[in-house]
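One chain, chain A, appears in both complexes that follow, with chain B as partner in the first and chain C in the second.
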Partner chain A sequence: MTATAAPPTASGARRARWRAAVVGWAFLAPLLVLNLLVVLGPSVATVYYSFTDWSGLGPATFIGLDNYVTAFGDAKVHQALLHNLVWFVLFLTVPMAMGLLGAYLLSQVRRFQMLFRALYFIPYVVASVVNAAVWKMLLSPTSGIAHQFGVDQSWLGDTSTSLLSVNFVVDWHWWGFLAVIFLSAMQGVDPALYDAAKVDGASRWQQYRNVTLPGIRPTMVFIVLMTVIWSLKAFDYIFIMTQGGPAGSSEVVSTLMYKQAFNEYSAGYAAALGLSMTLVTAVILAVYQWMRKKGWEDE
Partner chain B sequence: MTATTVDRPAPAGVAPTGSGRGRRRVRLSGGTHYLVLIVLALFAIGPLVAVLFNAFKNNAEIGSNPLAPPTSFSLDNFVDAWTRGDFATTMRNSLIICLGSVLGTCLVAGLASFALSQLRVPGGGAVVAYLFLGSALPVQLFLVPLFFLWTQLHLTDNLFGLIVIYWATDAPFATLLLRSFLLKIPKDFTEAARLDGASSLQIAWRVVLPLAWPGFLTVALIVALWSWNEFFWAITFIHTPELRPVSTSFLAFQDQYSTDWGLTSAAAIFMLGPVVLLFLVLQRKFVSGLTSGGIK
Partner chain C sequence: MTASLSRRRFLAGAGLTALGITTPSLLLSGCSGDSGGGAGNGTGKVDLWLDIQGDANQKYFTDNVAAVFEKAKPKIDLNTTFYKGEDLRRLVQTALQSRSGPDIVRGPSATQTIAWSKAHVLADLTPYAEKFAWKDKLSSWAVEAFTTDGKLYALPMRVDTMLLYFNKTLFAQKGWQQPTDRASLEALATEAAGQGIVPFGSSNVDWKAAGEWLMTVFWNHYSGPDALRQALSGEIKFTDPVFVDAVALIKSYFDKGWIGGSVEKYFSVPSQEIGANFGKGKVAMVPQGNWFMSQVGQYFGAKAKNENDWDWMPVPALRPEVKYPLFEMGIGGSLAINEASKNKDAAAEYLNWYYGDRTAALKRMAEVPSTYNIPIDFADGDIPSSIDPRAGRVLTSLNKAVASGQYGFVTWTWWPPKTDVFVYEGLEQVLTGKLTPAAYCKQLDQMFTEEKANGNLPQLPAKGSGK
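Moving on, here comes the complex of A and B:
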């Protein structure tokens, strides 16, 4: 519509709105340009490279679905996926149980609550390289904790314990963070509900089960969701402590992919693995959204 | 399961008997609570305390008793680790990286969050959704082409190249966090300034920024912590030893002196010391910032 057709005030309003939009997007521009350059652009490129035979440096040759076919039949990928699954089960249960226990106890005490909260949180703010080094020392078969008790197990160097040992270290640095999150969720539960439960003669355990847990359920559902995603992404501690070894016993998809890209120069194959991981993440997020829409979270 | 033990009154009178009658049950069972809380606390920080102890010991003492407090306070390990690990250089690199990441992220995220909270941007909701979803993307998705691109642009082995990556990866979180702060600022403030003829940039700078500085402080702390601790991007994009930040340099150092626990413990203290001290001083800001980062 032209300015003559519309009353002048409406045209002015439209021009003002147009101006506001331009100004708004100008403010967003630096963020979006950066994201395009570092995240979105390369992500789209990954989709293309996953269909090519590419060393990561030179030109890429289009090979269709070959990388995906190889990945499906690759015993290393199967093993890594299995390790991701083991990782997920442990990472979901151990820190969650400890976090819930810590949060519950913290919510019950008055004195030193802040102090304990801080102590539990500290491992989470310490760098992964440092935490990994600390535990390499403590898990050492020649001078570690177990050695003091006469057990000379090479926790990180033995194929049967390497994955579990790294997972233990990750759980150790992680549960305190969960405790703090659960604590703040518990503090958000309406106190009137507890009073009502007490009037009904509910025991502590019954209060915990029927008031506390339902009250923090949205937080727990979210943490479960994020745990799935984090378990797929697991990389840092494994890469630092065992490099996926020995003999692939702690290899997960992300460490396998990293090696394919930077040690084996199979960047095209690595791209296919990376994209597959992302698709799995996307499916999980979609299922979560779908369940949320169905009201499963709020009930 | 613990509830059965928790319910039972514990004998210890930990807290001084005091005021409210209603609290009596809590006080009685407090002993068991505190006992478990202390065990958990020892589990959490015991390993880090052991490192602090070992940093003061020589290797013979560590070998004979790796967990006990040191019998003497020798600073040899610290002096040794500082020079052998070239901490003067790597700390400088890390400080440059921290400062660059913090300033850039605050600027980029500040502008974006201002638009997403105070201006009416068509499509702004989609941007917010994209920022949420983007943080769930595994870095593996864009790692390889990004490395290729950075090689072409001569941004590998380059502190600025690393800082740009941190801007891009930290800005979505920072934007969302700052937006939640800025949404609390009443629109009346900005409307009034606009009626007085102020431009959007003037409003952002003069009206919103002074009100939002606690949010910026939180973001700055978190971004500084992340870039200090960060290891994945640094080890992939920085290979020259003189350009390494403390994190990857520490990793190389630890590989080199893997059997010298005293030395690596001292180096670990250099790296975790500033972080833990800052955390203890500004605990509330860290916790609120990091939990919102993990949760939203």
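Moving on, here comes the complex of A and C:
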């Protein structure tokens, strides 16, 4: 004798879905609480404080859009934004180019490839504080590398080279990571495509341009997005190596924001600067998403 | 016992939790009235966060301050946590804002502590000052700097002044005399620079605000304390030529390569390297605060692999109208009580012991040069004979300067907070040619005027001899 279960009723199915949802939310709850505590709470507070005149201590006075108006006309903010732009262009092009070249060269190596991968990766995993401290010494005009070769240049102390010098260190720290990521992506490209290209008489450069680069396009697009976000929140290396100086020559919005909040007791203004940068990032992300929907990533 | 959770209760609970979490951060700034603190019963645990650097220095504090205090007050447990210097102010500030943090607050100097006081995060110390008669124990000029509207909100932690350290052995070898005026100072600097020796070692790599030490020196010894007093009390402007010329003078010294070797090196050579070169005789003099006295020894003698010795001299007068010797006076940091502390009486007991036991305080001053120079009244004869004569000479010189009224003002104590930041941030612009000295002083004056109008200035000491 066989028994057949009665078909679930509509209300029974709804109940099951609800139960599943509640269980899901119950599992998510601890993380949500944590997020509310450390992300959403401070974020909401930052939005509020950006509309106030607040020293960082005590009561805040609501001043509407004054902080944003001030930021709009603040020469220091303009200079910092310009530095962010320079930083962005360099950070986007130099490590990407080096990463692509490094990955390609590494893909041609059969022996010791793992060793090279590890060596490329080391700067990325070393703490930024350590990297920055070491490079500060290496760039010293009286005891650094260049000094040993008779060049008496103050890389971090000269207003014309300070931003570029810090950017060089950040690029150095970042490119090896990109090389390893690109290498992994390159290894995922179908070998048959290379065989077909060779049969068609394609040179190495043509293979690279027409097979490799299109093959790793999704990875490249993702890395570009990451780079954009990273360059907008550049802070640690600059703060450790130059603190935005000398004379603001390496100041970016994040270091300026920090100084406003903690040195000049203008936490409300700092919140407005932070929120402005968040909006810029959001716009870039929105454009990215829009382009993805248009199929830019998969072309 | 088991409890069931209905969907409605679950959702309601989650909503309330979210609300409960997000609202306090917004309300924090508004709750200046009820601190949640209390006086306690004068016993129990008292938390203190300090930024003392180095194992030896921390051990000295633990053995010679905390342990001695706990022996004197066995019912109080002084719980000290050591933090790295530059971050402590920010950590304390954040903790105070959230109505937590240590019972005893190690704060910045007078000018910035005003902001904390105005936010009502520091306890009013006036009742304790009366109870323990602190005004009789501490120098009045220093206590008044931390008094606003008749209320005392902190106690001065260390007396600061600027000195000109010099390589004594190098001076003897070269037959150089200690300069006392601008002419002799510039003659010496010219000669040193001609011989490949950097006349004045200085760097802002490790401490961004080091520029204000230099401005303090030039404004006091060129512009003079009388002009500074007038400017700080609003009688004259910082755009007065006497201040602009001082800035131009400092720039000219930089342009000649006299300070740090060059502007670029001042921004890029760390202070350790400057110190090492000072010990070796590659740097002749270092304009630095008296706090440098506890570090300068490491660059000289067998430990530093040289046979040189150091000493200090008063900064020469840079204009005939300015008296010599002259010592600028200021406060390095403060000690206050957290308004949110639940054990204020015990915290006050510590402060009373720290400032009130003259013998112990003088012993600390003698044992660790300049670090524990609290502004208490003492005669020269009270200083323990065990003190390094150079450190002893600082104490007697400061006593004499206050008694004779021949003292000036350090920027980090008597300038309001934003203006104080501009003093060294703006100086960088001047040194790199982005601002003229006149434009620098104009911006400085605008900021100062605004902050002064908001009441962010500490009380200046009365003119003439002080206590």
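FYI, the second predicted complex is superposed on the first by the 286 of 299 C-alpha atoms of A that agree within 3 Å, B and C clash if a C-alpha of one lies under 4 Å from a C-alpha of the other, contacts with A are read in each partner's own complex, and residues count from 1 in each chain.
We take it that contacts are C-beta pairs under 8 Å (C-beta built on N, C-alpha and C of every residue); 3 or more make two chains touch, one makes a residue touch a chain.
As the structure is a prediction and not an experimental result, all values here were calculated from the model.
By the document's definition of touching, of the two partners only chain B reaches A:Ala127; chain C does not.
In the superposed model, A:Asn263 lies in contact with chain C only, and not with chain B. Once chain A of one complex is fitted onto chain A of the other, the partner contacts of A:Leu156 are limited to chain C, with no touch recorded for chain B. Of the two partners chain B and chain C, more chain A residues are in touch with B. After overlaying the two complexes on the shared chain, residue contacts for A:Ala45 are found with chain B and with chain C alike.
Shared-chain residue A:Asp66: touches no atom of chain B or chain C. In the superposition on chain A, A:Gln243 makes contact with chain C only, while chain B stays out of contact range. Of the two partner chains placed around the shared chain by superposition, chain B and chain C are both touched by A:Leu37. Once the two complexes are overlaid on the shared chain, A:Gln108 sits against chain B while remaining clear of chain C.
With both structures placed on the common chain, the touch criterion links A:Gly56 to chain B and to chain C. According to the touch criterion, the shared surface of chain A, contacted by chain B in one complex and chain C in the other, consists of residues 25, 32, 37, 40-42, 45, 49, 56-57, 136, 143, 262.
Taken in their complex, chain B has these residues touching chain A: 2-4, 6-7, 15, 26, 29-30, 33-34, 36-37, 40-41, 43-45, 47-48, 50-51, 54, 62-63, 66-67, 107-109, 111-112, 114-116, 119-124, 127, 133-134, 136-149, 151, 164-165, 167-169, 171-172, 175, 200, 204, 225, 228-229, 231-232, 236, 247-248, 250-251, 254, 258, 261, 264-265, 268, 271-272, 275-276, 279-280, 283, 286-287, 290-291, 294-295.
By the touch criterion given at the top, residues 17, 20-21, 23-25, 27-28, 30-32, 34-35, 37-43, 45-46, 49, 56-57, 98, 101-102, 105-106, 108-112, 114, 116-130, 133-138, 143-145, 148, 172, 176-177, 180-181, 184, 203-205, 208, 219, 222, 226, 229, 232-233, 235-236, 239-240, 254, 257-258, 261-262, 267, 270-271, 273-275, 277-278, 281, 285 of chain A touch chain B in their complex.
By the touch rule above, chain C contacts chain A in their complex via residues 7, 10, 14, 17-18, 21-22, 24-26, 29-30, 32, 89-90, 93, 96-97, 112, 115-116, 118-121, 204-205, 208, 262-270, 273, 417-418, 421, 425, 428-429, 431-432, 434. On chain A, the positions that touch chain C within their shared complex are 18, 22, 25-26, 29, 32-33, 36-37, 40-42, 44-45, 48-49, 54-60, 136, 139-143, 154-159, 162, 243, 245-249, 259, 262-266.
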